[in-house]
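A, B and C label the chains in the order they appear, each numbered from 1.
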Amino acid sequence: MSVRSGTRPEPAWRARLRALLRDTTLAGRPLEWYLSGWRLALILLVVMVIFPWLVGSTFVADAIAVGIYITLAVGLNIVVGYAGLLDLGYVAFFAIGSYAEATGTFGALQLNSVTGEVIHTPVLPFWPLLVIGALVAGIFGIVLGAPTLRLRGDYLAIVTLGFGEIVPILFNYFPFWFGNTGMSALPPADINLGGLTITFSDPLNRIPFYYVVLAVVALVILGSFSLRDSSLGRAWVAIREDETAAASSGVNLVRTKLLAFGLGATMGGLGGVLNGAYIGAISPNDFPFFVSITVLMMIVLGGIGSIWGVTLGAIILRFIDVDLLGRISQFVQANPVVNNPVSPLHFLSTVDFNQAKYLIYGIMLLLMILFRPQGIIPDVRRRRELKGIGAAVESTSAIGVLEREEAGAELAAVDTLDQTTYAGPGSDDIGRSGD
Amino acid sequence: MLELEGVNTYYGPTHALTDVSLTVNRGEIVALLGANAAGKTTTMKTIFGLVRPRSGTITFDGKRIDGHPTSDIVASGLALVPEARRIFSRMSVMENLQMGAYIRQPGPELDADLERVFTLFPRLKERTAQVGGTLSGGEQQMLAMGRALMTKPRLLCMDEPSMGLSPILVQTVFDIIQEIRAQGVTVFLVEQNAFMALNIADRGYVLQQGKIVLTDTGKNLLTNDLVRRAYLGG
Amino acid sequence: MHTMALAAAGPAGFLNFLQAIKIGITAGAIYALVALGYTLVYGIIELINFAHGDVFMWGTQVTFVLITALGITSTIGGWQLVGVLALLVVAASVFCGVLNVTIERLAYRPLRRAPRLAPLIAAIAVSFILENIAELWRGPGQIAFPNLFPSTALININQTFVVEYRDVFIVVLALVIMFALSRFILGTKLGRAMRATAQDPEAAQLMGVNINTTIALTFLLGGALAGAGAVVFTVSTAGYVWFFTGFQFGLYAFTAAVLGGIGNVNGAVLGGFMIGIVEGLSIAYLPQGSILSTAVVFGVLVLVLVFRPTGFLGAQVPDKA
């Protein structure tokens, strides 16, 4: 049998990095002082503010896309990471936000009653829509959540998936939203500040819009941190750990879960509004299941429950998407081994690695779940929970917590042990949630 | 026949069994006594590989069985009547007994064993087609015992066979346990009903907080002060 | 609502209705075959095997490869057709069964003691992988598949209600397979071990059942049923193979399993036919039915899960120990 000891020794590279951060000083303070808490956030913010002036406009567009995905990932993280509810239809809220933006800035389809001509009238500018789109998505989150949140975790996952599929179908079905052809979504109108015009509509200069996205991302991350540390955040942890115990200690399960769902949906809607303004035209086909899974992938990759983790996950996936795969394709095609028509690898010259994107995502997702369920940057709180795993025992409650948890915390009383089904590592027993 | 040597079992950080050593010899009835949560069921689960010990050895007929899959342990001639019976509630009585015979080949020997079970538990014979979940508690206990006997064990382990039964039924169950032993099956049982268990047991062990604190013959334990105070209400 | 519309529409309307029901039953038979795979696996390890629809899709790919290898490009008839169909069913069943067992071994078994959502996410990942390998191999488009069945109609009323050989083939094959499955589960030792493991895995182990083997067997069976369903789907209704078939089809079949009561074998069959008929009627009677029918089926899924998560025949989720 295998025995896992309490703590695994720290890998050498990490110990060395830690020592480096401790021993190097800057203005009298060790580097690690700068890299903790709000100081890190501040440094990142400053870097991101000067980012466009460092890299130029091509990367700015990519950065906007990354920012939109960060908004989604941080929002879904509230649902999956904080409250432990698996939402497989998160794309629905993204779609609702996008369509809200388009409906407001471009206008829904109308027919001129005299000529029968197609017309559309803008209703609202971008700025109020940023709030309205998010709220509408949030309301849909609550409407969907109210009847479904009492379902078991895997059923909830499928119901949300169904919702994620239905929403684009409805946008397609109603002529109001121009059906399958989709509609335009306009960027914010120009702002005139006494002679200085800030223009958002120039596709060659995305820098002004970049700052809009940056502000939203900063707010979302800040909000996510304060939610985590609020009493609501503690209630989420409580229901994730043990729903029954949480309920008996006074946590209102329905309200707490609904708030997670609603807040997550709100952030999804916010991302959607930004998305509409960014890509300029949307159609129902832009919101397939893949989007939900991609966002989920960012969370699992980065670290479920960890804000910096999911942010990093969004950056990595978006980087793979817009940049890395293209580079790989170019590199492979330019490689003499592949270029040479007689080479056995010549078939690779026609392969576009961008097409393998979802395959790569799938493989990454599987490997993460199997070998590193806590992600690249594990949630600090959960890492603490994970320490000292003896006999790995399936969690009795924590839906959405992907790691095996230690038994002791929840079952300190030996009393319950004899009545509960357990198996040590490697035994044949099937783990089940005892709900 | 069955030997536990320095067995330690953990649930996460909780040390459930500490250096448990005990022996069951061929032909004996041995009782393991202890209060609720003393580790009795854990001992059974550890023997059957449903929980793995962190250290120590378990041998059956001289062969190591710790670390083996449960199905192999059962195939080597050990059977467990689990706590709370755990019969297959949506299967008929007959199907439950057929599950007991899962590891065996059909043939006259199996038919004879089925007859033997029906002789021990005539109620089961009357109810072969009834769905397990609809049986009364006593009938379920008999089914669980009959099912375990169908594996043709050389050592029958029983976890709280008297739990939840009326006094008359408890008496019946303990009579049957003696009958089973008379038919040549060694019996190892875990009980809270110390009086009944020690009355039929050749030897007994007392488990407290995961440790064996006392062992003696059944008769001596019945008169032992600690046992009397702790388990016999005297 | 439909019945009123029918009364107004007269005999032609009734024939349309019959035709919609027929289409529903044939589609439903295939949903039922695939739903059985979801229900068997859920019954035994409580996992929504999200990749099951994609295992089905790989069955359609195998069917296509074999038909191409056999050089068949158009209608065949008589015993030749029967032989080809038998070969396809056996090959696709074996392929999908083995694929499903492999998936269980590599992706799900290591997560058996992990919290419930970990294997579900693993299943989603596997689904992604299976889909995208097929897309890379076959391209993103649908590939046309020859029509093997003679188009002579067995019943033809006014060109409106038409029953062809293929319809008979679908329903007969599905019923035969389902009958064989139920004999296996109810009447054999292995089937009994499967049911026992589903009800109480620990007690099953105490009977000497090796539950790894039993679970693998369950995946083998489920995969084989999906393979058979894939052949039926490809040769008789789809007319194409496509890497993305499994996603929607899998969700429909899952809906069927839930509708009947997931974990319940009879329920999966009943649910399959019900979903087929719901879909058939939606396409026939709703405006833009082919778009909306998807929303209707997902709507059914959501409503059933919310209001009656145990389905029509009641879930047979294993008893909690």
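Structure notes:
Basically, a contact is a pair of C-beta atoms (placed from the backbone, for glycine too) under 8 Å apart; a residue touches a chain by one contact, two chains touch by 3 or more.
Just so it is clear, the model here is predicted, and its values are computed rather than measured.
By count of C-beta pairs in contact, A-C exceeds the other of the chain pairs A-C and B-C. Greatest centre-to-centre distance from chain A is found for B, with centres as Cα means. Averaged C-alpha coordinates put the centre of chain A at 52 Å from the centre of chain B.
Between the Cα centres of chain A and chain C there is a gap of 32 Å.
One simple way to say how far apart two chains are is to compare their mean CA positions; for chain B and chain C this gives 44 Å.
Looking at chain B, one finds that residues 50, 69-71 touch two or more other chains. In chain C, the residues that reach two or more other chains under the touch definition are 202, 205, 210-211, 321.
Along chain A, residues 393, 421, 423, 425, 428-429 each make contact with two or more other chains. Here chain C touches chain B in the complex through residues 189, 192-193, 195-196, 199-200, 202-211, 316, 319, 321, going by the rule given at the top. If you check the complex, the residues on chain B that touch chain C are 48, 50, 69-71, 74-75, 79-80, 82, 84, 86-91, 95, 98-100, 102-103, 147-148, 151.
By the touch rule above, chain A contacts chain C in their complex via residues 86, 88, 147-148, 151-155, 157-159, 161-163, 165-166, 169-170, 172-173, 289, 293, 296, 300, 355-356, 358-359, 361-363, 365-366, 369-370, 373, 392-395, 398-405, 421, 423, 425, 428-434. Of all the residues in chain C, the ones that touch chain A in their complex are 45-48, 107, 110-118, 120-122, 124-129, 131-133, 135-136, 201-202, 205, 210-212, 215, 247, 251, 254, 258, 288, 291-292, 294-295, 298-299, 301-302, 305-306, 309, 318, 320-321.
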